[in-house]
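By written order: A, B, C, D, E and F. Residues from 1 in each chain.
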Amino acid sequence: MLDKITKKYAYGGAALLASAAVVLVASTETSFAADTATETKYVLNTLLFLIGGFLVMWMAAGFAMLEAGMVRSKNVSMQCTKNIALYAVAGLMFWLVGYNVMYDGVAANGGWFGSFTPKSIPEPAKDAGDYAAASDWFFQMVFCATTASIVSGTVAERVKLWPFLIFVAVLTGILYPITGAWKWGAGWLQDMKFQDFAGSTLVHSVGGWAALTGAIIIGARHGKYGPNGEVRAIPGSNMTLVTLGTFILWLGWFGFNGGSQLAMGSLADASSVSKIFMNTNLAAAAGVMSAMILNQLLYGKVDLTFALNGALAGLVAITAEPLTPSPLAAIAIGSVGGLMVVFFVPLIDNLKIDDVVGAIPVHLLAGIWGTMAVPLTNSDASFVTQAIGVGAVAAFTIVTSSLVWLILKYTVGLRPTQEEEIMGLDQAEIGLEAYPEFQK
Amino acid sequence: MLDKITKKYAYGGAALLASAAVVLVASTETSFAADTATETKYVLNTLLFLIGGFLVMWMAAGFAMLEAGMVRSKNVSMQCTKNIALYAVAGLMFWLVGYNVMYDGVAANGGWFGSFTPKSIPEPAKDAGDYAAASDWFFQMVFCATTASIVSGTVAERVKLWPFLIFVAVLTGILYPITGAWKWGAGWLQDMKFQDFAGSTLVHSVGGWAALTGAIIIGARHGKYGPNGEVRAIPGSNMTLVTLGTFILWLGWFGFNGGSQLAMGSLADASSVSKIFMNTNLAAAAGVMSAMILNQLLYGKVDLTFALNGALAGLVAITAEPLTPSPLAAIAIGSVGGLMVVFFVPLIDNLKIDDVVGAIPVHLLAGIWGTMAVPLTNSDASFVTQAIGVGAVAAFTIVTSSLVWLILKYTVGLRPTQEEEIMGLDQAEIGLEAYPEFQK
Amino acid sequence: MLDKITKKYAYGGAALLASAAVVLVASTETSFAADTATETKYVLNTLLFLIGGFLVMWMAAGFAMLEAGMVRSKNVSMQCTKNIALYAVAGLMFWLVGYNVMYDGVAANGGWFGSFTPKSIPEPAKDAGDYAAASDWFFQMVFCATTASIVSGTVAERVKLWPFLIFVAVLTGILYPITGAWKWGAGWLQDMKFQDFAGSTLVHSVGGWAALTGAIIIGARHGKYGPNGEVRAIPGSNMTLVTLGTFILWLGWFGFNGGSQLAMGSLADASSVSKIFMNTNLAAAAGVMSAMILNQLLYGKVDLTFALNGALAGLVAITAEPLTPSPLAAIAIGSVGGLMVVFFVPLIDNLKIDDVVGAIPVHLLAGIWGTMAVPLTNSDASFVTQAIGVGAVAAFTIVTSSLVWLILKYTVGLRPTQEEEIMGLDQAEIGLEAYPEFQK
Amino acid sequence: MKMITAIIKPFKLDEVREALTEAGIDGMTVSEVKGYGRQKGHTEIYRGAEYAVNFLPKIKIEIAVTADMVDKVVDAIIGTAKTGQIGDGKVFVSNIESTIRIRTEEKDAEAL
Amino acid sequence: MKMITAIIKPFKLDEVREALTEAGIDGMTVSEVKGYGRQKGHTEIYRGAEYAVNFLPKIKIEIAVTADMVDKVVDAIIGTAKTGQIGDGKVFVSNIESTIRIRTEEKDAEAL
Amino acid sequence: MKMITAIIKPFKLDEVREALTEAGIDGMTVSEVKGYGRQKGHTEIYRGAEYAVNFLPKIKIEIAVTADMVDKVVDAIIGTAKTGQIGDGKVFVSNIESTIRIRTEEKDAEAL
């Protein structure tokens, strides 16, 4: 957190420094007023974490709906089960070890990781600092859960429940917190001044790499590629769910990016949060339109799932830096995200990487784009450092998540039998069809 | 904004004036405290815009779900595409020109419209005023998007994607902002003291008129009226989506009406926002019950879609003035909205105006009712002025939106071929069935 | 409210007392600052009610979706109708009499109930107290509506619309407010120091008892139990709706429990709200995992509906005391809730009590567990008093709700004919299939 | 070999299936159909406009049997599917020239 | 008795049903089927990958009639279901050996 | 003319269709059905209560052919639909008395 907190004062800029000066000067005479102001700030900062946090929590529902709509109906109950369970696992693991691995004493471990201990929370009355400790935990936890949600979509329809949840436990308890510690835990990437405002790299690319290694190690769904290697489309079962999920994610993203300002107790912070809302919305809108227009030009029609993915790619792209861009820059950054969807979804498909929901273009590639685009609008960032950050996170996550997937593959096994996959995971593992009454 | 800002001080009343006096008196000695208070107000006002804004943004999802449920499944992907795209288009257009047409220098143009320029946002640290400029933009933008959502429902199942989006671009970039400027941009209707708190006329009737002209110019869906002119019911494909959409809209409406207080930094404002929440909920509840009871009496059973429309009509009706009514008055105003649904839906249908979701009774007619009911509880309003406002907005929107629809009709064309309409727009234009697995 | 308000100062503890002292000392010289601070507190407390309130309002949608997914498709339109209508009825009744029965002059009536009068709201500028009166009404109203939502799920698929709504009117206008008055209205249970932070007993058990008496008096669905008494599974029609509903409820619960802190204007309150968010999330997550693990062990697979019920049982369990438990204790409390689902759902089924959604284990039994667990972490609570509270609420609600159900049964009748039940209530009473196009 | 095709009311399916297995039938194929007949549909009002639901949900059961089983099977169906109320459905018997079990390529009686 | 089985385009159902009732037909059974024929399906592109929709939605109508009604019924079907465009469908006529009304156990012509 | 009715496992549909077109078949009608047979259904546990899923999803293919094509078609179906595992399904052959193409009113062999 240290870094982000530092950052927030930086953003506060002149106004804040000025009023801080007044505090010092006036402190002997107006100590009560100053205390009140401090307390009010504490409350407002905490409130930002809580509101931002519940909005990001809601994104877990967005992923669940989006993914339930993109899979075939024979795997829908399973996909819902995975999504509610991964949010639960993330919530428990991020308390058990995740938070402290990410934030507790990272400097003492050379900037690489913190301590492997549960997060403890002070009594309310003794809660010091600029915001409530529990509100910060909550806000950081939902980010961690988001990372896991990204994975579940890509590897849908062909991974067994419990092995998947073990992967999620490791990802949310250890892997995500370690790379998180490098930057947000004030570790070595933070020392290098790597910039990633709300996690294009730390959240979305981490999720994207874990998804990509999973997709490769688990392999494609049965029937996704023909005997001669031809790509076969497998349409999702429910487009309204995909639409609903995307709207939920869009809504949640205001908490994701806005809350990452980490403070709302001053004019400058409130104004920053507002600018972030505006830029976030512009980037998403631009992502929708650029994806739709390119789609129309290339294919002569608009694929709804591309339009929806376009919104998300725009959102991921702006996440690395939603504050410094002008509206026009935000539109440009988001547009590129949308274009990437239309280009990269088929490309990845042709590489025989079976990404059911398009999480790799949306979260990984648009996340890299967003991170590399930061220096275009933020003079504190450099391309070299951004590339180092992207590369280091990639290397670590690819290696460790591959390892976890492989261990699971060769121990408990990752895939259901082909017969089970054909009959659908709902029948094979959940014993419950999602839509038992409707003829399919 | 000017007007609404003025209004907010008026509501603050005695308490606020008193404390303002104290500020002046005490200013030499407690300037720090005063600054803190001002800053806290700024933050709280901004927060109201952000919370109100994200709640209204969520209404875009509500409209999407409601409309996806009211159309036949062969047009569901198209309806989802239109809804995500219209929100994107509105978000871009309202930055590109909409906001400034509505708010920037309206007085200089005789109170008719502002400037045709993009909205620019100050640096956070230099953001002056009572709230963050970007938060205000965001809040106003989502209102603009709501207007477009109203149109998409009425003209569903029979208008091509891109022509519809061009209409949305003109509506959100130019038409809505112009009539908005008359009142909320401190234009001539504001000078006349026309009252429309959160937009029964400026948002809902504008959307309703644009929808009505569209429905007439585009014509009814194929098969909606028999060869002898008989009305044929075309049941919506998914009632849970309609229910979900209505609940989303109800939730979002707390932001719509509550946020329209435009300030939350004082006791009086916070109390007003609260009263607005209460009245909004009472009016919606009353709309549900009055629609259900009348429905039961007239038809001997309850039509779920009438109950849901009743909630929305209650909400639209209270939107013109959610603050001054007593709880009982709010119930009365909402009830009339609910009754209007049961009366006017069949009537409009019999006029051969094919309104797929009932937006004309709900948004246009209940919007007029709400606007005309303001003088009943707000002594600042007069029936004559309210009628002038309703009439002027009607005249402008009918003429201009008809013009746009007609130009589109005779250039790019509005309707798909009859064959495409019969096969469904999903197949014709989107190439993607919403529920490909389920037998229909 | 009195009690909860008192409680909030208690939690504030040392810090608050200290600053209060400062207020008194400093009051002559810094009265303006003190006023500002007071006003800011007022705004922040009000804001907590409004945010908490809209989140809990959203739970009405969660119940609607969950229930629509758990019933067969032939009863889905009816279930949606009941859910929108019960929220409307609760909103009207809680204004008409409910609020004042619960909070107005309870002491004067020996601590048993308040006055049977409508709730009136002061003019904004004259709104005294620590928060806006209307915001409090709104927050309390949505709790009342939640109680009714619990009932609709259990008795789904076999109760006529209007008799059900009459029950809801009595429940939300009179029954719920009376037991509520005993504790939250500062009545006799409050005097005894019965503890129920956000309503494990006052909301969830009350709803649960009303549901249980309904289930028994109305009887099981046709075909639920075979001629030889064997239990027949009746799978719900739509698992994504059940999942969506559960996520909505989880989200809303942050408002339910967090808002029940009833204040957010001080460091201690904001910190408390944050700890409540954290504990609420941990308990729900633990409920999911404990239900899933036990389910896997007992049945060799995971039933999605148990995982989802597990989340809710964890939430209900922590609701009686979300503040005092440590994170580990919150996990333990929630886990037990999850286990209870897996144990008690089949048990209740075997008792021939037909609880369509599992509301009795989730809301009633986990609610009792949560209430009885309070003394484990809160030294202000005693097992005896908790048992008295649970017992008294049970006795009152069982007797009165049975009476209402029985009166309805023997006057207007509760059940549709068997033929209507077989054809489905949608056709029998609503005349509208939820999914008319899909073959079933 | 004969093909017996029965159109019945949906809620009778389980009962009929049980009667058929008791009558010694090992296999059948079932589909969801809509029926039009003397049992008239109903008129609904949707948003104030009437519309007729002309077709009612029915279940079609197809059972291939050897000729000697026809009466037994028809009786089993009639015995369980009859409610005495209009719309109970029909049974049609027609001829099959040959039957093959795909798995084993057994023919006719052996294929059942 | 004959069984007339018609495969038609879905949007023609109501017209055909009306023509049949006018022709004196009291009952029929309808189901949703997918057809493959000269009317080719279409190719869709989903997320950049092509896929073929080979089967098109059709409606199957089954009408049991006495032999003397066959021509009238077939004419009624052809008269209304024909659009002249590829994919209009087929009519098949086959023999039924016996028909029973479940409700009354009436047989053959009386069972219709 | 003959009507060949095959009940197969759903995931075999595409293969069978391809084999049929290779065998020179231009048209067929397909529907989703539920089958009961030696391949037993399965028991599920929903919220702690067992329930039997007795009917399994199958696909019914109907192909009208001239008599000389019957063997070829049956072979094509068996050749592709067979997995050797229980539940592969059946083929039934019955007689059609006449066939008409609605679009052209062509009859019998020409109608196919």
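Following the convention adopted for this analysis, a residue touches a chain if its C-beta (ideal position, glycine included) is under 8 Å from a C-beta of that chain, and two chains touch if they have at least 3 such contacts.
As the structure is a prediction and not an experimental result, all values here were calculated from the model.
J.: Mind checking chain D against chain E and telling me if their interface is mostly the same residue numbers on each side, over half, or mostly different?
T.: Under half of the interface numbering overlaps between copies: different.
J.: Would you say A-C or E-F is joined by more C-beta pairs in contact?
T.: Of E-F and A-C, it is A-C that has more C-beta pairs in contact.
J.: Determine the centre-to-centre distance between chain A and chain D, using the mean Cα coordinates as centres, and give it in whole Å.
T.: The separation of the two C-alpha centroids amounts to 54 Å.
J.: Quick check: how many Å separate the C-alpha centres of chain C and chain D?
T.: 48
J.: When you check chain E against every other chain, which residues touch at least two of them?
T.: Expected reply: 31-32, 44-46, 94-95.
J.: Scan chain B for residues touching two or more other chains and write them down.
T.: Residues 30, 33, 36, 40, 47, 51, 235, 238, 244, 301, 303, 305, 431-432, 435, 438-440 of chain B each touch two or more of the other chains.
J.: Throw together a list of every chain pair that touches.
T.: Per the contact definition above, the touching pairs are A-B, A-C, A-E, A-F, B-C, B-D, B-E, C-D, C-F, D-E, D-F, E-F.
J.: Tell me, which parts of chain A touch chain C in their complex?
T.: Residue positions touching the partner: 30, 32-33, 35-36, 39-40, 42-43, 46-47, 49-51, 53-54, 57-58, 60-61, 64-65, 68-69, 76-77, 80-81, 83-85, 87-89, 91-92, 95, 118-127, 132-135, 137-138, 141, 161-162, 238, 241, 244, 429-439.
J.: For a test of understanding, state which residues of chain D touch chain C in their complex under the given definition.
T.: Touch residues, chain D against chain C: 11, 32, 42, 44-46, 57.
J.: Which bits of chain E are touching chain D when the two form their complex?
T.: The touching residues are 3, 17, 26-31, 64, 94-103, 105, 111.
J.: Chain D touches which residues of chain C in the complex?
T.: 422, 427, 431-432, 439-440
J.: Mind listing the chain B positions that touch chain D in their complex?
T.: It comes out as residues 231-235, 299, 301, 303, 305-306, 342, 345-346, 349, 358.
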